[in-house]
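Sending over a structure as structure tokens; questions will come in a sec.
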Amino acid sequence: MVVNLPDKIGREAILQVHTRNKPLAQDADLMEVAATTPGLSGADIKNLCNEAALLAAKRGQQEVHLKDFIDSLEKIILGPERPIVLSPADRERIAYHESGHAILGLVVPGADPVNRVSIVPRGQALGVTYQRPPADRYNYPEAYLRARIIGMLGGRAAEEIVYGTKTTGAENDIEQATDLAHNMVTRWGMSEKLGMVKLAARQNQYLGMGQRQLDAVSEQTAALVDEEVHKIINDSHEQAKQLLRDHRQQLDALVTALLERETLDEHEILDVTGLPPAPALKDLPNQAKL
Amino acid sequence: MVVNLPDKIGREAILQVHTRNKPLAQDADLMEVAATTPGLSGADIKNLCNEAALLAAKRGQQEVHLKDFIDSLEKIILGPERPIVLSPADRERIAYHESGHAILGLVVPGADPVNRVSIVPRGQALGVTYQRPPADRYNYPEAYLRARIIGMLGGRAAEEIVYGTKTTGAENDIEQATDLAHNMVTRWGMSEKLGMVKLAARQNQYLGMGQRQLDAVSEQTAALVDEEVHKIINDSHEQAKQLLRDHRQQLDALVTALLERETLDEHEILDVTGLPPAPALKDLPNQAKL
Amino acid sequence: MVVNLPDKIGREAILQVHTRNKPLAQDADLMEVAATTPGLSGADIKNLCNEAALLAAKRGQQEVHLKDFIDSLEKIILGPERPIVLSPADRERIAYHESGHAILGLVVPGADPVNRVSIVPRGQALGVTYQRPPADRYNYPEAYLRARIIGMLGGRAAEEIVYGTKTTGAENDIEQATDLAHNMVTRWGMSEKLGMVKLAARQNQYLGMGQRQLDAVSEQTAALVDEEVHKIINDSHEQAKQLLRDHRQQLDALVTALLERETLDEHEILDVTGLPPAPALKDLPNQAKL
Amino acid sequence: MVVNLPDKIGREAILQVHTRNKPLAQDADLMEVAATTPGLSGADIKNLCNEAALLAAKRGQQEVHLKDFIDSLEKIILGPERPIVLSPADRERIAYHESGHAILGLVVPGADPVNRVSIVPRGQALGVTYQRPPADRYNYPEAYLRARIIGMLGGRAAEEIVYGTKTTGAENDIEQATDLAHNMVTRWGMSEKLGMVKLAARQNQYLGMGQRQLDAVSEQTAALVDEEVHKIINDSHEQAKQLLRDHRQQLDALVTALLERETLDEHEILDVTGLPPAPALKDLPNQAKL
Amino acid sequence: MVVNLPDKIGREAILQVHTRNKPLAQDADLMEVAATTPGLSGADIKNLCNEAALLAAKRGQQEVHLKDFIDSLEKIILGPERPIVLSPADRERIAYHESGHAILGLVVPGADPVNRVSIVPRGQALGVTYQRPPADRYNYPEAYLRARIIGMLGGRAAEEIVYGTKTTGAENDIEQATDLAHNMVTRWGMSEKLGMVKLAARQNQYLGMGQRQLDAVSEQTAALVDEEVHKIINDSHEQAKQLLRDHRQQLDALVTALLERETLDEHEILDVTGLPPAPALKDLPNQAKL
Amino acid sequence: MVVNLPDKIGREAILQVHTRNKPLAQDADLMEVAATTPGLSGADIKNLCNEAALLAAKRGQQEVHLKDFIDSLEKIILGPERPIVLSPADRERIAYHESGHAILGLVVPGADPVNRVSIVPRGQALGVTYQRPPADRYNYPEAYLRARIIGMLGGRAAEEIVYGTKTTGAENDIEQATDLAHNMVTRWGMSEKLGMVKLAARQNQYLGMGQRQLDAVSEQTAALVDEEVHKIINDSHEQAKQLLRDHRQQLDALVTALLERETLDEHEILDVTGLPPAPALKDLPNQAKL
């Protein structure tokens, strides 16, 4: 069982170190900031503190507020806003793409809560759906991984059910979903056909997507790996499309709101769609627990 | 969703920087120049400014005009004119090759507008068809990509329907079309048979054509990739030939004009062929829009 | 027949060197410490001596006790404790995972005795089951290797029979079990189908898991290797699940104790489960011995 | 469409630069020299000018004549003459080999005119057939490429129909013919079965023969490439043998002359064989031209 | 036909050089020492001379005796004795393993004479069977190679027929037997099915076992190589087991003696087992000789 | 058509340079020496001159004789004599091995004349059969290559028909024969099934045997290459055995003489065997020649 990167307690400690010489406002609850930043390294957190202080100064504040941290967070992760001029058609399509991710983040059991949806272009992204785990995770259930894959494929799925056409905009989603499905089959023993056999070397997950690797296995095993990965992706893709068809009304509502307001936070998303947060994953109910 | 290189706004800003010390004429609208130069890097744009100023000086002008930018653009992209002596037969064949690209740029829905066609040899090219997107693009629909592939194969297609023979002149077109089709199948999830699975690593698109790569997939998946790429190319090739047969009269007219005038701009092309610009891509009409 | 790393005698000698200037308590039997540390290198043992002395000082003792060595041992192998906050559900699941390893360490003939089970997160691990061979081993019987594989797969097996679901927490177990099964087939001649043929180069066992390698064999041999490895893993997985179903009561008892006490030593484990230590491996009884 | 190396105009300019300080005779028409030297780099041309001047001096001339350039050309391309003593049998076989190339250069439509045939060993070659394109070429029709392959295989073909046996002497011809056929299939879209798909990366054509490469294609595509290359080579081989059987009389006549005179120029070849130069390639006659 | 390393004459010369300044006893016959050391390099022999002198000094002798050379030889080849404490069960198993090698060295025609058997752990080995060719060999008959493979597999074979179980202790034997069988098939033309075809590059035999290599052969040839290697190994394994079953009494006697005395020399082995030395290889008797 | 290394004329010139300061005897005809040394590089020839002068001095001669050159030649090519003590059985087997090569050098049409046979170990070789082409060769007929392969396989063939057993002594022969057969199929277009297709890159022939390479061909082509190489080797092996069975009497006679005299020159070989030199290769008689 592997733990990576600083956890919430570690992040809070790092935040304390790097805000020592910065005037914090009452509302700048570092534990809250720590809770919002799973996945960030120590260096990322140091950057975040500096950016938040700069932003506070730019805003003419004497102290750094929680909002300064939150607003700096997107810049740390995605880069600064870019003043790209998009056609109304492109803008609508991006709104559907992001709303596809977001709606699935609300309706797939076990999905991480949707913090924010935005069609403001930032860094390399034309839009962003930001999902935050409610707590640090150290152990990922298979159902959670499938929920993430379904959510990743939701951008393209929304475009397909609305426009009937595909665009290149899903490239990143395709990379991440394939990577996750490949790991399920080759490293985490989650394929019934292949069982608890390691088939690929562990790779540094924080160095982005590279070429998928396989150990020295036979062609017939390689073919089985491909089939199992394909099956996970295809099933998730079908589920993504069906769930969005079932929630078309909420999807359209979210797009309408996004085109008006550009960015929606968690409360606004719940309000606009009228949907509750995604239910937690349940283990099988008929299993006796201690 | 990935954005690359400076967009129109960025290019305009870079143009302003590099023309700061150059006397610009009234008509030298930098926004117009920016609109004409999608795909250019910052360094390309700096070169362009210098070349335009040199050309203006060479032409005895006090100020740099829009035309100086436009005329320098081809030199930046394709290199200077080359005084190659071609046989009449070669010249005619090149005219048909370029006209094949150009006619398809007019009749395939979604194709980028054809700015210029020329049979003046430049740098490594014996002729050139220059297509400019009407605005910066950040997201490419599948139909647009197919339109580009059809257009790329149009040079060879024209030679085939007119002469019934093939030449080596389509090598670059073959490389680019295969590269695009391969990306559609392996990175953008645009093959029904393979679905939303990533099968090849993202490569730097600005370093020219190299060897096609695949991730560590099985032989049966590799064969499926080959079949799907083959199918995209073959269907596009057939469509290119059929469309040119359907517009043979306009093709011949364009060739006649090219042999006389060597270079035609957008208005002349429309005038000579009597064709309207290519219609825009339409999303499916029966889909409700907001 | 290959011997690696210092053996018990060697380790005792190294311990004597590195405790020369440290005040040892009566109970700090270095032979006992040496018996507890098979697999440690000379450098590990030096670290252990230093850590034990530091711990003794921290505890305000004048002398280094056996307990200081034992308590430092986990830190040497697994890193220091980490104050991770786990949800009750995650904690229970980890308790079942570790108890799965532990119960199999008690009921599979030939398994190394279970020294300690703990759900206190340490270094990269969220929990740990620590098994110690009763003496240095220089030669590993096939049945012992199978016992180890069954034990390695016991964490996931326990999660499956209790929750019916899988998590990523078995990644390390999958790597180690596959590595061992692969060596059985390709280096130790333990597959009936492949016989006493070497099929993979010997690798440094102390550099962690890398990509599995094969010699230059044909595809049909590679497929046979995959099948045999698969069979070992699957059979062991089935055995692990069946044995845990057969000892569900003891499994639950151990989890209950772990959730209360967090860490149990060998005597507590035997006490809580009411199980005897695992029986030794028996060679076939009908074979005449000298 | 790619242009490489200096063309006729470029070569003439380079010739002018490097003959600036050399006394040229009336007949030393640099445009004629430029026409004779397609394929030469700037460095080759500089060497040629120096060699021609040296040869003129050696011949006791005050000025450099056209003949000095022509006679130096072979030395530049093939190296100096080598006084190898060949057996009459070897000499006759080489004469048939070269005459095989030469006769096909006369009778295959589209073949480049045969400038010279020689059985004087030079550099690495025991004999040479020198074919010169009538003008610079920038675009190669498929029929021309097939004509070249047929010609390349003509040396071996002649040996086979005359002696019924094979020798190693065709190695260079085999390399060049395979390379050309492979490019037709993998880079120039000239296989009906594979279509306009790029299957191999463009390689530097001026660095000699290396190992043939393929992109990451499936085994079934690789097999198809092999079949198509094989078919082009085999068909060309059959055509070469049939054409030489049909012109056996002319072949024998050329060999007889070569054994007497060792080297024949274009006029002597036409005279000895009584054949006209190879007809030009015709595009299909039923295609309307402008 | 390849000769490697110094032969007996060369070794004697090297021994003379390195004992020049050492007082040799009457019985220290360097020709005898040379005969005992085939396979040793010049550097090994130099080490041997130094070790023998050190041992003589340690034993309080004025001169170096033959026994000092012999006793130093094992240290040179296997490293010094290691005081490992083995369980009685492990000790017995090792005795059977080594006795399996030794008995086959006595009963397989053509096997090299067995010089010594020992269950004293030395360097990396837990036991050792030392076989010495009666003279330098320059040319190895196929039957001799098969005899060696049978002998190599005899350690595991003995464990199997006595205990019915396998251990990892045969790893080295498996490596060496496979390497030899692979060479028979791929370099020495000793497979009827593959014939006198070279299939793998010659490798430095003195750099230990690496990964087996194959030349660029087809999958079907690679499969045939695997089958032939497999067949040699399997047949030899069966023969080893059958021969040991046929000599079970002698095997047990040798084990009993080994457990008592730990090391037996050639005379003791013959005495304990009551077996004559292995018969020499006979060429077919019905072949006429000169 | 490729020529390599200095030919006879070149070698004579090099000999003249390196004997300039050496007193040559009347009979030291450098043209004769040049004729005896095809395949030698300039550096080899320089060495030869020095060795011959040294040998003459050692023999107490004032001048260097032809015999000094001839006797030094073997040392240059094979290294100095080695005083290896071989058993009578090994010696007889080596005599049969070398005589197998030699007899085939006399009876296979087109084989190079056999200059010398020797069972005196030299350098890495236990025996040597030295064949010298009657003149420099620049072009190798297929029948000549097959004659060489048959001769190369003759050593093993003789051992097989006399002893019925195989040894490792044919390793070098196997390497060279496979290399030649592979080149016939992959570089020289001498397989009917594969035709005039290049399948492997040209390799430096003077750097010894490495791993066989293939271009990027499909598995089915690779299999065809293997089959064709296999067929050439197997057919030649059968021919070698049949020819030696047909000349068993001469084989035995040559062995008897070799065991007595150790080395035989060309005249002695012809005398002992009563065989004429191998007939020259004939081209097909029914082909008209000029």
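Going by the order they are written in, the chains are A, B, C, D, E and F; count residues from 1 in each one.
By our rule, contacts are C-beta pairs under 8 Å (C-beta built on N, C-alpha and C of every residue); 3 or more make two chains touch, one makes a residue touch a chain.
The shown structure was predicted, so the numbers you read here are calculated from the model rather than taken from an experiment.
*Asks:* In angstrom, rounded to a whole number, how far apart do the mean CA points of chain B and chain E lie?
*Replies:* 72
*Asks:* What is the distance in Å between the mean C-alpha positions of chain A and chain E?
*Replies:* It comes to 62 Å between the two C-alpha centres.
*Asks:* In angstrom, rounded to a whole number, how far apart do the mean CA points of chain C and chain E lie?
*Replies:* Taking the mean C-alpha position of each chain, the two centres sit 36 Å apart.
*Asks:* Which chain C residues touch at least two other chains?
*Replies:* 213, 219
*Asks:* Based on which chains are in contact, what kind of graph results: line, ring, star, complete or other?
*Replies:* ring
*Asks:* Applying the stated contact rule, could you write out the chains in ring order, opening with chain E and then chain F?
*Replies:* Ring order, starting at chain E and heading to chain F first: E, F, D, B, A, C.
*Asks:* List the residues on chain A that touch chain B in their complex, please.
*Replies:* It comes out as residues 82-87, 89-90, 92-94, 97, 121, 124-127, 153, 156, 162-175, 177-179, 209-214, 219, 222-223, 225-226, 229-230, 233-234, 237, 252, 255-256, 259.
*Asks:* Okay, in this complex, where on chain E does chain F touch?
*Replies:* Within the complex, chain E touches chain F at residues 1-3, 7-9, 135-136, 138-143, 145, 187-190, 194-198, 200-202, 213, 215-221, 283-284, 287, 289-290.
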